[in-house]
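What follows is a pair of complexes built around subunit A, which joins subunit B in one and subunit C in the other.
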Partner chain A sequence: MPVYRAPLDDFRFLVEEFLDLDQAADLPSLTDCSADDIRAILREGARLAETVLQPLNAVGDEQGVRLDDDGRATLPEGFAEAYQTYCEAGWNGLTADVDYGGQGLPVFLGLCLSEMLNAANASFAAYPGLTHGAVEVIERHGSDEQKQRYLPPMIAGRWTGTMNLTEPQCGTDLGLIRTRAEPATDGSYRISGTKIWISAGEHDLADNIVHLVLARTPDAPAGTRGISLFIVPKFLPKDDGNAGERNRVRCAGVDRKMGMKASATCEMQYDNAVGFLVGEENRGLAQMFTMMNAARLVTGIQGLGLASVAAQNAASFARERLQGRSLAGPKYPDRPADPIIVHPDVRYMLLKSRALVEGARALGLYTGLQLEIEHRHPDPERRRQAGHFVALMTPIIKAFFTDMGSEVANLGLQVHGGAGYIHDTGVEQFVRDVRITQIYEGTNGVQALDLVGRKLVADNGDLLKSFFSAVQSFIDSVRGEEGMAEFVDPLEQSVKRLASTSALVYQQMSRDPLEAGAASSDFLRLFALTALAWMWARMAAISQRALDAGSDHQTLHQDKLAVARFYFARMLPETLGLEAKVAAGAQTLMALEDDRV
Partner chain B sequence: MPVYRAPLDDFRFLVEEFLDLDQAADLPSLTDCSADDIRAILREGARLAETVLQPLNAVGDEQGVRLDDDGRATLPEGFAEAYQTYCEAGWNGLTADVDYGGQGLPVFLGLCLSEMLNAANASFAAYPGLTHGAVEVIERHGSDEQKQRYLPPMIAGRWTGTMNLTEPQCGTDLGLIRTRAEPATDGSYRISGTKIWISAGEHDLADNIVHLVLARTPDAPAGTRGISLFIVPKFLPKDDGNAGERNRVRCAGVDRKMGMKASATCEMQYDNAVGFLVGEENRGLAQMFTMMNAARLVTGIQGLGLASVAAQNAASFARERLQGRSLAGPKYPDRPADPIIVHPDVRYMLLKSRALVEGARALGLYTGLQLEIEHRHPDPERRRQAGHFVALMTPIIKAFFTDMGSEVANLGLQVHGGAGYIHDTGVEQFVRDVRITQIYEGTNGVQALDLVGRKLVADNGDLLKSFFSAVQSFIDSVRGEEGMAEFVDPLEQSVKRLASTSALVYQQMSRDPLEAGAASSDFLRLFALTALAWMWARMAAISQRALDAGSDHQTLHQDKLAVARFYFARMLPETLGLEAKVAAGAQTLMALEDDRV
Partner chain C sequence: MKILVPIKRVVDYNVRVRVKSDGSGVETEGVKMSINPFDEIALEEALRIRERGEAEEVIVASIGGTDVQQQLRTGLAMGADRAIHVETETAPQPLTVARILLKLIERESPGIVFLGKQAIDDDCNQTAQMLAALWDRPQATFASRVELADGKATVAREVDAGLETIEIELPAVMSSDLRLNEPRFVKLPDIMKAKRKPLDVIAIADLGVEQGAGFEMLAFEPPPKRGGGKVVGSVAELVDELKNRGLL
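Our next item is the complex of A and B:
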């Protein structure tokens, strides 16, 4: 069975050496939080993930979610107790607002925790993940009364949250929503309709479930401009803050899925359920997007977490499994065969996994810091710049990290050979669990279109400029440093390739909007691989300097340099093909009639 | 639920227009078999696959294999009846030797059938697939008496076959085999040991199961040179040809797997079971490789079949699912939204799938014809040349077709969006079923090493030359033809890239054997994409000529040209990156110590 060891050394490296927290020193969330505090928090989070959540991961896959005839869902054995442990230690409010009972710690710490939870037990992690998104929506768009009523129990974890968007006839295209909201005389609404694929829609973890539901009021305009957002609690809150009367919302079914089997994916039926409008009518889509953006980052981190646990189990297996001999002659002659890690092709799979996981982790935390700056920095110009970076990176992190999740989970299975395909080995679960991340919170195709169609052109291209100028200042800062040319030169070429491709795409799509869609997926991957090259060059520079200065973490710094070299030699060249594919444009994609594709 | 429509039009195109059967006119298997015969056979095969096997595919996934306490396995409802239908119509002996009751039809027809069976129900197809491999081993290496005894019931399908290689401590490295074979006084042997992951090891389809088992005799040399091959029937054959006394072999367990749940993957225990030596002692590995090579081709076809059914269901879904509007403005304004097939990125996924499936199908059938020539052509020089081509293509077809199988099955799931992740939609089964094909019959890493380490250097590079000269004569034959430059020019560049990369790899590995492993996977993919470019250029040339001559199949020929253009524009450029990755060599792969990768 798989095990999980949280990457505490890498977290330490990234937080203490890589993130350059000085540039963010004015952040209120950092002033009261020392490096030692952060280490201690992450160590405790690791303990929870490794010893409480990971042992339930296979149990969850095996038992799934049971729904009884009254629409009550029961999660697998141990989940409710684990959730209690998680909440009691205050993890659910780690980064939440102190005014509502949160701990107000920086977002990037929350991302580290989220990676560990997802690596240990992705199904479990879905429940707090959804709650956090719902908290953010209410925080941003709810009335004071709604905040007072819902945020404290949700931040404590006593109540959980959901987002109800999808209906049978509408997934990506929310303009097709049919769920109705009729105004009642007391200012509330009566919600009726069917929502599908609602994660955490029903379970036995918490006292109450706060559904955020998109619906149409009677006179709403057609399409996406006529959608409003409602809070529809499973139990109507009493004035004392506790859950009261049962509302007319019910779970009508729990879907059987490829994976994530302990995450309840529910069909929810609203039958004149009491709902409370959030903000104004017809603003629902924009409000829900608050949640979607956060959810997209967290979905990327879910891909990263599953990649991380898959990669580490593959590496352990490759060190233990004895088959064949090194092509260069027996390397462990005293054993009946060499461990398969001696084979270059096995190493290739492991190094790809490592370069992706550690590169993505760096990019994720870097973006987490920008998010923190965007939300909490006193300087509005710093907030604006950071916001641009986050907006640009959100679709890249969602799509690339989750594609990587599937890629790395599959590489891990492949390293295991036949054993990987056997259910009881436990690594095929990673492949099944991670597969949904490429789809939900906006398919990866939708993310790519968001990048090309929105982010590339937003604010006169300022988002893109914020990226290029950050990379350029890094390049300028290390150019000429001993040993840096091998990283900086190909990074520079790669950035040029991205810049010229961006310009080309911009040109092509201003001529024909279909060119945006034709370029999108390849362009996103080209962008992501270039961003990772920047991360690896930066990690290499930090590691080289640390080694020159007599590093206390010599192994880690040497490894970073070695993996950086691998990345530039064997992964970054993929961008050559991507550049050519984007340049080929839409023509061959659009040539066939719809009924002949 | 998914449906399956066999690609009869594409089969017709490939057999009648593409395969150039004139060059193989001396084949005895072709003289009595007209184009009309072939069409009729494929039509009947399609009916079996579409109406008998496909409806059992989800049932098989749901019910799996049940093993009772006496070690008897029961397949899902309907499997035994379907198998009877399959055998009674003579499908099991389609390409088998007429002397033992087969129909002696050409191998490429068998590949078409195999693709259809695997597309319709891959678990079902495993049972005849294993039997065919076992038949081939006995045909090649068995004594006359063994052939008389085993081949007729196996070719008729009344008995099935298995291959028993793997043991808990040995998968790829068969030198580690421990199963013992003690000579008995009557010339037979007594086999004892445990074999794992034995496909079709136990089931209720047939009267008898003929296990081919690798084991060591008492004085055998260590390693792979001390392995012998034995026939170990579940029931010892009586002199009247029927199954008699129960042998001491028993199924001790059926593995739970990620997919292929109706294919019984068994732990087999041999406890002094009666076994009959095939050929001489210590020749087992070479004999088993007869079976492995055939099995590798068929595994590639399994990947193709699953890709094919996944792709066609994705295309249907994309034509029906209404979400959003075309970026160029509403294309179906009378509907509430456009079908998602209007989106360039959805088309990209579908066209990738189609270009891979149809390109691979062409390469598979072309190789099938060469296999037929290798086995049955009267001219020894033609046989030798064809044999070279088949030997070179076998690892490419096994690895690339199965990688493609996973890629296309995953693209198909992605096109379905959230619905794809729901078990009952049925398309996630394709992803789970196809995943094993990248592993069994030699992992794809092992295939890549076979290509680089063996096939590239075999016979002084003659295998490689056979490929380049075949491509070159195609290029020469169409150069200057109207409309061919757009295909021929990039094909020629791509072939040059492959040639120079081959030379580089050859050079690098003669300096350091680890370079072979470091290059292997990327090199195999570069080779495969180039071979597919050749196939697409050839299909384009045939289609262009047919259109110029007033084709009877105008739609098909126009589509082939369109997909060929897509392939060259948006898929072949991947070779740019692969070339650079191979050129980077082993260094960065081998830098880290084994305990630090």
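Our next item is the complex of A and C:
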């Protein structure tokens, strides 16, 4: 069976050496949080993930979610206890506002925790994940009364949250929503309609479930401008704050899925359920996008977590599986055969996985720090710049990290050979579990369109500039440094390639909007691989300096340099092909008639 | 009553230990370090005794370089009231540890010194016994159940033949076995609170203990690779095989 060991050493490297927290020292969340505290927090989070959540991962896959005739869902054995352990230890409130019972710690720390939870048990992680999104919406858009009522129990984990967007006739296109909200005389609304694919819609983990539901009021304008957002609790809160009377919302079915089997994916029926408007009418979609943006980053981290656990199990297997001999003659002559890790192609798969996982982890935490600056930094200009970077990176992290999750989970299975295809080996679960991350929270195709259609052109290209100027200032800071030319020169070239391709895409799509769609997914991958090159060059620079200074972490820094070299030699060149593909334009995609594609 | 819980920083039990290439020790660079699991069980038991109102204060102590403060902070986050760090750069051997602990006992006058029965790195299983002798107080080692009443402790011990229950007078030394309890998970807010709990640092020299070298480490090497197994056809053949190898 797979095991999980949290990458505490890499987290330490990233937080203490890579992130450069000194330049973010004005952050209130960092004033009372030292590097030692962060180590202690991550160590304990790792313990929870490794010893409580990971052992339940296969159990969850095997047992799935059961729904009884009264619409009550039961999660697999051990989930409720594990959730209680998780909440009692305070993990649910790690980054949440201290005013509502959270710990107020920096967002990037939340991303580390999220990676560990998802690597250990992605189905389990879905429940707190949804709650965090819902908390963020209420925090940002709810009334004071709503915040007082809902945030403390949700942050403590006693109540969980959901997001209800999808209906049978509308997924990506939310303008088609039909769920209705009739105003009642007491100022609340009565919600009626059917929502599908609602993650965490029903379960036995918590006392109450707070559904955030998109619906239309009777005279709302058509399309996305007529959607409002409502809080619809499963149990209506009493004045003392506890869950009270049962609301008229029920779970009518739990979907059977390819993976994530312990995450309850529910059909929810609202039959004149009591709902409370969040903010103003017809502002629902914009408000929900608060949640969508955070959820997209976290979805990227799901991909990263699953990639991380898949990669480490593949590496252990390759070191143990004895089969055949090295092409260069026996490397371990005292054994009946060499471990398969001697083979270049096996190493290729493992190194690809490692370069992607560690590169993505660096980019994720870097973006997490920018998110923290965007939300909590005292200087408005710093907040604005960080916000640009986060907005630009959100679709890239969502799409690339989840594509990468799928790629690495499949590579991990491939390294296992036939054993990987056997269910009981446990690694095919990673392939199934990660697959949805490429689809939900906006498919990766939609992310690519968001990048090209919105982010590329937004604010006169300021979003794009936030990336290029950060990379340029890195390049300037290390140019001429001993041993850095092998990274800086190709990085500079690939940044130029990205800049010229961005300009080309912009020209092509101003001529023909179909060009945006034709370029989008290749462009996003080109962007992501360039961003990872920046991350690897930066890690290489830090490691080179640390080795020159005689650091205590020799192995880690030597490894970083070696993997950086691998990335530049064997992965970054893919951008040449992507550049050519983007330049080829839409013509060949559109040539065939619809009925002949 | 105070309970003193000495804890040792060791390579985490989940880590596959590797010997350094020059044979001078085991690899600890980038390796996850934790409280010795038996010590953690001892600390958990001490906390439960305090939570039952049978002790007032739990003190964690550790001997080593600055790094051990990480484990002391974990101990404080678990619930210990304060911590003592005895600072030394050389890893002390069990007898020296026992002598250091005796000095801490003289300072703190605990009713119980609760240790882990052994550390998972060197597996010495000596410190508790030596300490009891030096202190000239009773010992209850390998504890799997502890009950306190009227200045006495009733302790079920895990011995080769099963469980042995003994009664000892306090103050006393105890050492925990694996099944004594299951340590709690540290709560996140308690990690932050632990920063504000007192942690005293004492240089080993200030305790007047000599860092005596009872024995010298010559070399470390990994255990030899296991040779291939052999399937035997019958019991008689098995017995023959064992006899041939001088095992019977």
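By our rule, the second predicted complex is superposed on the first by the 597 of 597 C-alpha atoms of A that agree within 3 Å, B and C clash if a C-alpha of one lies under 4 Å from a C-alpha of the other, contacts with A are read in each partner's own complex, and residues count from 1 in each chain.
Criterion: a residue touches a chain if its C-beta (ideal position, glycine included) is under 8 Å from a C-beta of that chain, and two chains touch if they have at least 3 such contacts.
All of these numbers come straight from a predicted model, not from anything done at the bench.
Could you say whether A:Asp173 touches subunit B, subunit C, both of them, or neither, answering first, second, both or neither?
first
Please work out whether A:Trp197 is in contact with subunit B alone, subunit C alone, both, or neither, and reply first, second, both or neither.
Touch status of A:Trp197: first partner only.
Counting touched residues of subunit A, say whether subunit B or subunit C comes out ahead.
B
Output check: A:Leu8 vs subunit B and subunit C. Expected answer is one of first, second, both, neither. What do you get?
second
Just checking: does A:Met258 make contact with subunit B only, subunit C only, both, or neither of them? Give me first, second, both or neither.
The answer is first: A:Met258 touches subunit B but not subunit C.
Does the superposition put A:Leu413 against subunit B (first), subunit C (second), both, or neither?
A:Leu413: touches subunit B, not subunit C.
Let me test your reading of the model: by the given contact rule, A:Thr555 touches which partner, first (subunit B), second (subunit C), both or neither?
Both subunit B and subunit C are touched by A:Thr555.
Touch check for A:Val342: first (subunit B), second (subunit C), both, or neither?
Once the two structures are laid over each other on A, A:Val342 reaches subunit B alone.
Look at A:Gln287 in the shared chain and tell me whether it touches subunit B only, subunit C only, both, or neither; answer first, second, both or neither.
neither
Residue overlap on subunit A between the subunit B contact set and the subunit C contact set?
Common interface on subunit A, subunit B vs subunit C: 555.
Any idea which subunit C residues touch subunit A in the complex?
On the subunit C side, the touching residues are 14, 29-30, 32, 34, 69-70, 73-74, 77, 185-189, 191-192, 194-195, 225.
Would you pull the subunit A residues touching subunit C in the complex into a rising list?
For subunit A paired with subunit C, touching residues are 5, 8-9, 32-34, 36-37, 39-41, 43-44, 46-48, 50, 52, 85, 88-91, 93-94, 103, 334, 552-556.
How about subunit B: which of its residues touch subunit A in the complex?
166, 169-173, 175-176, 197, 255-259, 315, 318-319, 322-324, 326-328, 331, 336-337, 339, 341-351, 354, 406, 410, 413-414, 417-418, 420-424, 428, 431-432, 435-436, 438-440, 443-445, 448-449, 453, 512-518, 520-521, 555, 559, 562-563, 565-566, 569-571, 573-578, 580-581, 584-592, 594-597
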